[in-house]
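What follows is a set of notes on a single structure, which appears directly below.
The letters A, B, C and D name the chains in turn, as written, and every chain counts its residues from 1.
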């Protein structure tokens, strides 16, 4: 097992601990009031949850969040996630593929296309790697080796800063992003890992030509916390670990700064109602990571059951809010 | 015992559990400040609580909220409620009469006129039934069979959505309401079941010709919770179960949207002071459901005792607020 | 022991219970920010706490609040209070003298002049009595029999409303107050008993010619609670018992409505800092009732010790706030 | 051991108790949102924390807060603090030197220059002493005897007021400050001891010619509490002990009133993130007292370890906030 693989497993264990979640900061979604319409003028089963994202059809505006890859357990997790995504017609974001580029044996854990031939599949690499030599070629390889539709670049300076030997050389990152985007013939996304994108970062990303954004805001899993749990077994700098832009706020400011960009809401999305509210704040789809980790350790069916309940809640929310489809919630014109 | 009858009983049991009440959302009445006037210029026993609603005289601006009917226990409950209402001169809203239209043997549990010849008596049917064939004829029959003065149509999309096999076909509801109202020679009301009417729904109801509204807002009994308690023994989607418009807010926005409509405040009204505040926010009368369930299982006297304390509190509130009668609180010109 | 005497004793016992205090409503003084001046330009021992109220000199802007009289224990309490007031040069408000007018034997419990020849001494009678026959003559007698300087009329409609057989005939009270004030050759005050005077009531009192006001606002002792504790052993209508105008708000609105009237702040004044804040909100003096009940049951020394600590706190507050005397805090021009 | 020396030791013990900290009032820094920039355009190790204060270079914008001197234990504490300050290149504020002026034997406990030849070293005396005879000569001697660069005069009227026999003669303090400043050939600072400087006091200090200010605001150590703990073993006047201007507010108002003055933020600074926020509110450097007391009792290494973690947190905060140096945070033009 490589160092990187072992690290992945420790990350999974840390994520399962309740201390991996923000303790004081919340997503802010709890303060968003969901409308209630006692006479909805709708049939609930006719509420249309389908949408398209990055050109691919989704049966619900939902992606499984970027989590893992690399270790044996990761292969199992990814297979379960992929099978559930295929059955339900939702998207799947994979975990960082760096391990697979560096250790060819790790590739298999990312090969989920056989289980999910039709889904929107999104690869993953770290922004910090771009400044350490990774470029358009590696990214293109990362996408093509696993048959992904797109790839998300995660920006995680706080996580790196709290990591022993983390990559904290970020000078030149914007220029490097531009360069790389230009050389990759697939859509690239920018995401955080739980501390949020700001309006300013959204504008930088637009300038660099990124195709979509995932706010990955504060209020759910804090990778600063995960990193300290992995390193010290406990959270040593609780103040720093609460830094971040709450998901609801990140959505509002990013959407205002980039009205047209395809936008994923993630970070603390825990129920179908959270998802509905995130759409109302301007997201096109939502992504959920940690709540799916436990079911993914069990089976594809467990993942499916969790997602089905989530999607049902989302449907109920749209029905009682009087929204006939996703576009009616997001305020975009619908078909 | 029919399925519907059995369901009614399970509902009663669920309502008795504390989990049937909203856990985070409150009515908002606790933030309404009641005025205090140290020199009231009034005799408390001369404070006049009488009013008229839907053309019938009430000795206090109070209705017993829509609860039950159908089962044997329900007959007892309704008799106790009716006897107390008659003695105190307040109104009575009955539970859904669907069971009685479908199972003639259930009729007797709704026949309360012998015990309450003089009261304002209001029947009840579900809005969803209107789209499944029920129309002006059934409503008229439901009213006349029990000698009611009016009938309340309950709109409960969230409850139906969370119910296994619930009626979630609501497309066309506004047109159907209009149609039905035109064919019934009695006043019809629109009410929720604990999730509230919005300004928009109030305007739809006005357009459809309804005679009165009952906001049945959030903060007291949540029928979403009741439904999950009945179905699963516990609340499975706590987020969805807190959806709704708090009673105080529903009152404010409905009154603003429909300044003249006869308006009932219900949903979490628990004390005479709550009632006084609801009147101050624009309600003509208030209705109370769940707190009367326990005394109604015991005796008419128990119901009466509960109501007398409530009415006394209301009187004290008006006295120390310096209000000589109900109209002085609601801001309407009085006799 | 007369019924009234027995009632007084039960009141004392009830007041000693923590449930006699407001449970949710607070005075609002906790939100008033006291200024801090790190360079005060003052000598603390030169801070001048003396003032005059109703023409009498006080060594600190402080009165012992109206509490009791009538029973044997009450005589003891009043003696201890009077002795402490004399020694410290503060004022004393006595409890209701109705018992003494109706039972001459009760007079002695109010005769505190021998122990306190120099203090500002204020008698007490209920407003409700004015409508039951009491008039200028009885009030004058109540004052003269005990050598008081003035008399406070307590308005307590909520207390009366929650009392079995309470006096709830208040129609005509304003006219009656005017009448009575005209016939009494001593200054009369209007006070509440813990539920507060509003701006409107202050204007009525001004119109009736009262010489001073004591807001006796909400946040400390609630006489609604005391009454229910006496009657039922517990608080039965907790909602009604929280009605009232918080002391800080009562001060603000009464002072705005009556900029010149001599004004007492009471109701929940618990520390010298509370007193300082009340002065800043416009009070001329403060009054404290319940905290002095326990020491008054013990000895004059115990009362004195409590008051000395309180006065010291007030002095410290003025010193660090940079106020050289009472007038500097209240904003009135000083000598 | 002199009385003053014994008092110092009791103060140290009291400061170690958790009751020495504000219980309700907080610094307000917890409500200051720290920006997060997912793409920082910086290398973390290139973030420049160095600055100059009162003409001396600092490797981080940090001073060890004024604490002690006089007793044997104090000598040890001061030595450990000085050694750590020297190694890390931060400043050191010493505790009150009054004891050393009155008891020559106490001088040695302040002689830290041998351990810290290069640091910014700031002496300390109480403002109240200036009105009891201390003047420019004593201050100059206090500075020169220990080779300090400057001296902080602490204004502590609340502490003195709660102290048995405290110095509460402050009349004439502004004039006296002016006089003294004019006669001392070193920079003088004004600081509080945990209750905060206001805008008004800042203006007085400017007028008197002081060279710098330390807000020493509310939210951390409360010297009112310390004084009561020393005197009574418990806090007797909890209300008075919460008086003060929270650090965040003090910073905002002092900076607005004195845009150019060198400004120290202290009072409840507990983490590098607190420090970062204080800089954002306008401080030039921060000072930390109580958290360093425990490590200072142990060793210079313990102090160093605490400070290194703090400085690392500050660096991480600047990095993820996208600030390349201290001037970028404070908003001042940088080199």
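Here, a contact is a pair of C-beta atoms (placed from the backbone, for glycine too) under 8 Å apart; a residue touches a chain by one contact, two chains touch by 3 or more.
A quick note: this is a predicted structure, and the numbers were derived from the prediction, not measured.
Touch-path distance (fewest steps) from subunit A to subunit C is 2. A rotation of 90° superposes the C-alpha trace of subunit A on that of subunit B, rounded to the nearest 5. Subunit B and subunit C touch with mostly distinct residues; of the residue numbers seen at this interface, under half occur in both copies.
Between subunit A and subunit D, the centres computed from C-alpha atoms are 45 Å apart. With each centre defined as the average position of its C-alpha atoms, the distance from subunit B to subunit D rounds to 64 Å. Multi-chain contact residues of subunit C (touching two or more other chains): none found. Chain contacts here close into one cycle, and each chain has exactly two touching partners. Residue ranges of subunit B in contact with subunit C, taken from their complex: 34-46, 270-274, 309, 313, 316-317, 319-320. Here subunit C touches subunit B in the complex through residues 127, 155-158, 161-162, 168-174, 177, 190, 192, 195-198, 200-201, 204-205, 236-237, 239-240, 243-245, going by the rule given at the top.
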